[in-house]
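Note that chain A is present in both complexes that follow, paired respectively with chain B and with chain C.
On to the complex of A and B.
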């Protein structure tokens, strides 16, 4: 049962305090001309007025560089580390909620680790979550969800843990009125109008990507790509990692460290002896689209693209995911532009 | 990760060594694997590498790994000797569908270090000899120097119940010519085998570039796709379908493979 509550703006600090029992709290903070997720303790540092953060919340769930274990080189006793202590993510947009859901299907331990509070958002020209099916929080995992209203938040509960928090805030929050729920509906309606008018049939596109896997079209599509890996680094669902061992100076303890890698780098497909399975840039470019839209669906039953628009927004040469897909469709004579 | 003791190191060629590992009793009793599976081997202080198991599960109590010295981690491993310890995770992967091979002829096609995973299968079918029809071993290397398990294979060549066919890229030395009279690449060897393709299961493991040519020749000879099984190699960092490096199409080589039926080629782009 999902019940809606109203939390006045002044109650945000109390919410922050009550969430601290679940772990360290990270929230969007303004930095320079953009926003980033950072650990905060004061509600006044949080800024919900953002379109997208530079890095997705996965930076806390699967840190880009993380120690995963320690072993002793003589006994080979291995102790996993890094899973102790929870994390609270406050202010996650619906697309990133879906991103967390996708990651959690590959890494089930993340479900236990994170307490997630979603927040409503407004799209810009790079967002296509509405087409990707991740514009709403309902079908993703979340514990609480906030809709920003004038002077306060409409608060939705998404899990048993979320109910517990609401119980703790009983004196501060009240059940939402009919009018507040109406305002929320109104907000969502207005939000829908802000999305780009063209729709992109992502499901159909995934079939095309499979059908065109051996086509020459990818050479053309990837001709501007630098292979820098920015798209995979800012992606909320990319998870590829490499691992290495770091001995301490006396050689008594060895740390095992995993770090994020990218399928856009040649080394991703390099094996011992020097063979590259994806030697060309166009193959690596194609692999990303294939994995996002075909691979994830087959592997975990949910597409790997949540339409957050980060890869398009941060691409140094302006390659846009939705444009690439549109061109794929267009080349096949599918004109879906209305 | 469990601790394993190196009980024997055999030099197979200037670049290859075979490490025999033993586990502590607790693990030794519970260890089992299928031919074609691999382990994640931790070389203390250097890191973890995926290595296929070259011993057959029919020989219990130890695990053998054949490793070529090719990089930093395998370089450190090659400096270890009897009495040193390593870490093992696994076994991982699906392995060869040996049940499917039952009462069929079995053809093993190995190129270079591809002999290592196939040795596991080879001894499996030899130790369960009564379950299978004719057994063919096709093995190609650059030169005699690079041939793995030389003595073992020489003994096998004299056995009547297994047909061994060897090929070398070039016959240059006397040793080369004593090893085999056949010169050429591994697909050429397939022409020397007289067998009913419909009644023969084929297991292939070789260097990445060889698969396309081997498969082409097999299909020309009329082997059904469903009878051809390929053990594939990809970069692996975890062995559990998490690191993402080993993907072929939507499949994880470590979890869904490393053995793939050739039938999967149509569904899984980029396999060969």
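On to the complex of A and C.
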């Protein structure tokens, strides 16, 4: 069986319909100045013409606020509440596919929960997935991958579930011609040329970053940081959460709620007794880079930065991940000791 | 459980929020009795309270007396709204020659819980009530308005060229202002250890003079 297929543009609705058995389908739609993943049922609502969505697909896989259980305040009988039912994510760029792969290494149940359909993209000046090693779908988690061509999609299969969907679409899809595969290769070649010129290979930098733990660069660059936490909130791989128990007003049940937090907030490192493990802005600032590039690599064998550029794009004061790393790793004459 | 709602100097908007919790109010009344709420009811008694909500800032001797009495009578005293928590807009004016003062509740008596906001958000109020009627201190987790704004997937006001105090303002409101395209004015007060310097230089880079930024900053925040 061939592993690449051609799906005409008019077949997108059929693809959407055929995926409904895997769960509710979320896809990129336009909202305000950007794009967001939203539940859709009609292919006409989907807009693939985007560079990055405001929030990563993480918002469905690991919701920012989620009820995880209920218990009775007297009997203390605890009932876990899971978000049952699968989810289909249609239109996920390679960087986010790698983001899902990273999350799935921490939360293995995500592999079963989501049916993921990737889609090809073009970079802007904030994208550095090529340097992060996540510019292509290979080695990431996906079931199907679409490459946008004129009038249709080249469709690649990434999992057994994906083969099942292709089977269902027989009659609509046909095998990709050599010409189409050639066009796809050409597209990937042109895409690679669009990335920023100065390359910054993130693979292999974890030791260097650890060695530069006491560099003055952290102190210097964190001065502009507002500590708003946007960088971690928009990150496809950040998963830190806190939880609390909220009683209902009748006093009959207590809900346990988990919510996303951020290492950029002082309260993240606050422990009983009032001690802050990361009291200063520069420590919190550094912590993010350190955890992304050193911590994740050691924990799950894959860096936590997939180069999607969201933290750079959405930072209100314009702190750029790639510039911070360039300054840290490449600039000579910086006092790296303090 | 006995509840009292006391108003000092303020617009009464936060007291009115008790009426905006709709269904929640009837549930609350099943578990608690509102003994004192002059804004809403005619028959009021001021004896012993489990929880007293104080709205408004302290601007005169009468306010001070009222507040001290409330503290004596209440097991738990909650500062309701930004005036009670930080002094409110009226506190942003420098002390006048005739000796007027404008203090947040916490600078006169000990406060057990702060519920800031102008006005305090209905959801936050209802959730806090649920904690309080069950004898638990309302959960606090200081994050920034940006946290909620990003999660709502609003367009960033700052990136659009506007001024928004979201990055240095305490979360808990759900970021309704940026959602409507209006920059956050910081009504909920400071987030943890806000970086004023960076915020001022951000505004200056957009051509807003420092004095103007400081005026904006301390509209609701307590000047240190």
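Note that in this section the second predicted complex is superposed on the first by the 324 of 338 C-alpha atoms of A that agree within 3 Å, B and C clash if a C-alpha of one lies under 4 Å from a C-alpha of the other, contacts with A are read in each partner's own complex, and residues count from 1 in each chain.
Note that contacts are C-beta pairs under 8 Å (C-beta built on N, C-alpha and C of every residue); 3 or more make two chains touch, one makes a residue touch a chain.
Since the structure is predicted, the reported quantities are computational estimates derived from the model, not experimental observations.
Within the superposed three-chain model, A:74 lies in touch with chain B and out of touch with chain C [touch as defined at top].
When the two structures are aligned on the shared chain, A:64 is found in touch with chain C, with no touch to chain B.
Applying the stated contact rule after C-alpha superposition, one finds that A:224 touches chain C and leaves chain B untouched. With both structures placed on the common chain, the touch criterion links A:12 to neither chain B nor chain C.
In the superposition on chain A, A:275 makes contact with chain B only, while chain C stays out of contact range. Once the two complexes are laid over each other on the shared chain, residue contacts for A:212 go to neither chain B nor chain C.
With both structures placed on the common chain, the touch criterion links A:116 to neither chain B nor chain C.
Of the two partner chains placed around the shared chain by superposition, chain B and chain C are both touched by A:261. By the document's definition of touching, both partners, chain B and chain C, reach A:251. Once both structures are placed on chain A, chain A residues 73, 242, 244-245, 247, 251, 261 are touched by chain B and, in the other complex, by chain C.
Those residues of chain A that touch chain C in the shared complex are 31-34, 36, 54-55, 59, 64-65, 73, 223-230, 233-234, 242, 244-251, 259-262, 265-267, 281, 314, 316-317. Every residue of chain A that touches chain B in the complex is listed here, in rising order: 71, 73-78, 106-107, 210, 213-214, 239-245, 247, 251, 254, 256, 258, 261, 263, 268-273, 275, 277-278, 283, 287, 290-291, 294-295, 297-299. Interface of chain B with chain A (complex): residues 1-4, 42, 44-49, 68, 70-71, 74, 85-87, 207-209, 233-235, 237-238, 241-245, 247, 249-250, 252, 269-270. Residues 24, 27-28, 30-31, 126-127, 129-131, 133-134, 136, 139, 141-144, 146-147, 150-151, 153-156, 158-160, 164, 166-168, 191-195, 197-199, 201-202 of chain C are the ones that touch chain A when the two sit in their complex.
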